[in-house]
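Multiple structures are listed underneath, in structure tokens.
Both complexes below contain subunit A, partnered by subunit B and then by subunit C.
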Partner chain A sequence: MKTLVIISHPNINESSSQQFLIQSFPQSEKITMHHLEGTYPDGQIDVKREQALLKEYDRILFQFPFYWYSSPPLLKHWFDEVLEEHFAFGYRGNKLHGKEFGLILVVGVGEKEYQTGGQEGFSISELTKPYQAIAKKIGMQYLKPLTIFQFPYMKEAQKMQLLIKYQQWVMMEKPDSLKAREVWIVNQLEETSHDTLDADESSFILDQAIEIIEDNRIELDELRMHIDNNDQ
Partner chain B sequence: MEDQQWLITQLEELLKKSHDYKQKALLQATINLIIEQEERKEQLQGELDGRLWNPGNWGS
Partner chain C sequence: MKTLVIISHPNINESSSQQFLIQSFPQSEKITMHHLEGTYPDGQIDVKREQALLKEYDRILFQFPFYWYSSPPLLKHWFDEVLEEHFAFGYRGNKLHGKEFGLILVVGVGEKEYQTGGQEGFSISELTKPYQAIAKKIGMQYLKPLTIFQFPYMKEAQKMQLLIKYQQWVMMEKPDSLKAREVWIVNQLEETSHDTLDADESSFILDQAIEIIEDNRIELDELRMHIDNNDQ
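Let's turn to the complex of A and B:
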């Protein structure tokens, strides 16, 4: 699966959250980052180039700060220009059918405010309805969003969790599944460099971690099997 | 369980020694994952015990 992350932010160098996400971006030839304001500083979008880019990827993720319950202006302009009739919808407009559509939102207000009775009064699911409608109209599958609330208030441990969650969101097909996350962590542990680990026993410890994760999975599957058998 | 606790302590030590931020995050995520697996095992074991003690199942 090839993933394209389209980022829209007018002052990306001054955004600590976007810089953090860019630094966290996983290195993989299957994943590409595409910053709209950096590519088109004059705001003139090359529509054919963007359409060709979209065709190359299976999953398109849109990453942006949630400004007034919407995106920065260049991303709105991008939707207006790129998702045109006969390409994204209408007669023979099926070029994006079956691909995945996801949002990575950076939000300044706390999560608890996005509900009935909260300061914002509406949930993120309600406020992102226009994006859900776009995905539906152009035949794309709308994914669960990754919503990052109040990045500046995050403590170090929370930022580390966000780094991993972001990488998983960008790299994995089912980032919520425990089983899929186990496989992902094992792969990452196998690939991690030992040069940055100042410990002779690091190989042994990482091998032990992989073994325990895999043993736990066998136990979990066995327990699930016993429960399912007990149902019959 | 003791093995896991020992391993988590070792991973925490390794995390302190790592020079790379992404690697530190990975090691912390590994610890969190092992704890999450342990919690999931307890939940499933509880569910299984509950079903085994369900009188409705005793006759079969």
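Let's turn to the complex of A and C:
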């Protein structure tokens, strides 16, 4: 599976969250980062080049600050220009059919405010309806978004968890599944035996391993109970 | 009441619907049209000027083609730049409180497709959640939008109805009420006695007058029935 991460941010160098995500970006030939404002400083998008790029990937992720409940203007311009009729929809417009469409949203306000009665008043699921509608129109599968709330207030352990989640989101099929988490932790444990990690990092990875083994145990117990019941 | 209509369209001269709306624009000192792409061809928005403009008006309407379920990029840029903290929200950010916020959307697809099971799959109420959230955040009253579906397929009579609706939306308090429609038709009838109208226009205005008189009759009958019941 090949993943393209399209990033839109007008001042990416001044954003601590975007810098953190860029530094967390996994090194792999299967994953490409594409910053729109950096690629097109004059705002003139090369439509054919973008369309050719999209065709090469299976998962397209859009990473941006959720300013006023939507993307920065250049990403909106990108949608308006690149998702043409006969390419993305309409007659013979099936070039993106079956690919995955995901959002990685950076949000300044706390998660609990995004509900009826909260300060923002609407949920992320409600506010992202336009993106859900785009995915539907162009035949892409809309993934559960990765929403990062209040990055500047995160503690080190939370940032470490975010790093793992982000890498999984970018690299793995069904990133939220137990199986995906197992694969990730086994890789980490194998690498740990070769590298030197500092105390914080290694204790964090061990905690993750314990959590997965425990989750595994619960699932095995449930399966056994199910088999026992069927045998009676 | 003073109304500001902020229009965003990247190629306004080539849009038959936008040209129709501009030609329908009522002549009045209380109403101002403000085309963003025309005012800022280089995309550099004068934030202080825009903020000063907003303060002068009671109703702010945003008129744009609903490309990919959202505004053209320059209007998004306008939101990001103009609706600053301490102006539109946050500490002392009450400059727009109590004003009205309305959308005038031009949509290429038919109305019936905007529902679950339809081609677009989502309603206009769902897709405009980000704008509802903006209005809430900055303390403005969100009006029912005026949505114009498939303008190029409209017949003359439908365009005439749109013209009336548009003028009411821009000029009148509670534009959808029977009272507002009465005021409008009385003005038209008074003007008709002075002007020369062609057959189409005058028959249309007479039809509107008949409809309002009939609606009035129904409301009067209902009130009378209510009073009679109370007297028994």
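Everything that follows uses one rule, which is that the second predicted complex is superposed on the first by the 193 of 232 C-alpha atoms of A that agree within 3 Å, B and C clash if a C-alpha of one lies under 4 Å from a C-alpha of the other, contacts with A are read in each partner's own complex, and residues count from 1 in each chain.
The rule is short, and it goes like this: contacts are C-beta pairs under 8 Å (C-beta built on N, C-alpha and C of every residue); 3 or more make two chains touch, one makes a residue touch a chain.
What you see is a predicted model, and the numbers here were worked out from it, not measured in a lab.
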{"item": "Touching partner for A:Ile185 - first (subunit B), second (subunit C), both, neither", "value": "first"}
{"item": "First, second, both or neither for A:Gln132, with subunit B first and subunit C second", "value": "second"}
{"item": "Partner chain(s) touched by A:Gln208 [first = subunit B, second = subunit C, both, neither]", "value": "first"}
{"item": "Touched partner set for A:Asp80, first subunit B, second subunit C, both or neither", "value": "second"}
{"item": "More subunit A residues in contact [subunit B versus subunit C]", "value": "B"}
{"item": "Partner chain(s) touched by A:Ser70 [first = subunit B, second = subunit C, both, neither]", "value": "second"}
{"item": "Partner chain(s) touched by A:Gly121 [first = subunit B, second = subunit C, both, neither]", "value": "second"}
{"item": "Footprint overlap on subunit A, comparing subunit B with subunit C", "value": "none"}
{"item": "Residues on subunit B engaged by subunit A in the complex (per definition of touch)", "value": "3-4, 7, 10-11, 13-14, 17-26, 28-30, 32-34, 36-38, 40-41, 44-45, 47-48, 51-52, 57"}
{"item": "Subunit A-facing residues of subunit C, complex", "value": "43, 67-74, 76-77, 79-80, 83, 120-122, 126-127, 129-130, 132-134, 136-137"}
{"item": "In the complex, subunit A residues that touch subunit B", "value": "24, 157, 160-161, 163-164, 178, 181-182, 185, 188-189, 192-193, 196-199, 201-202, 205-206, 208-209, 212-213, 216-217, 219-220, 223-224, 226-227, 230-231"}
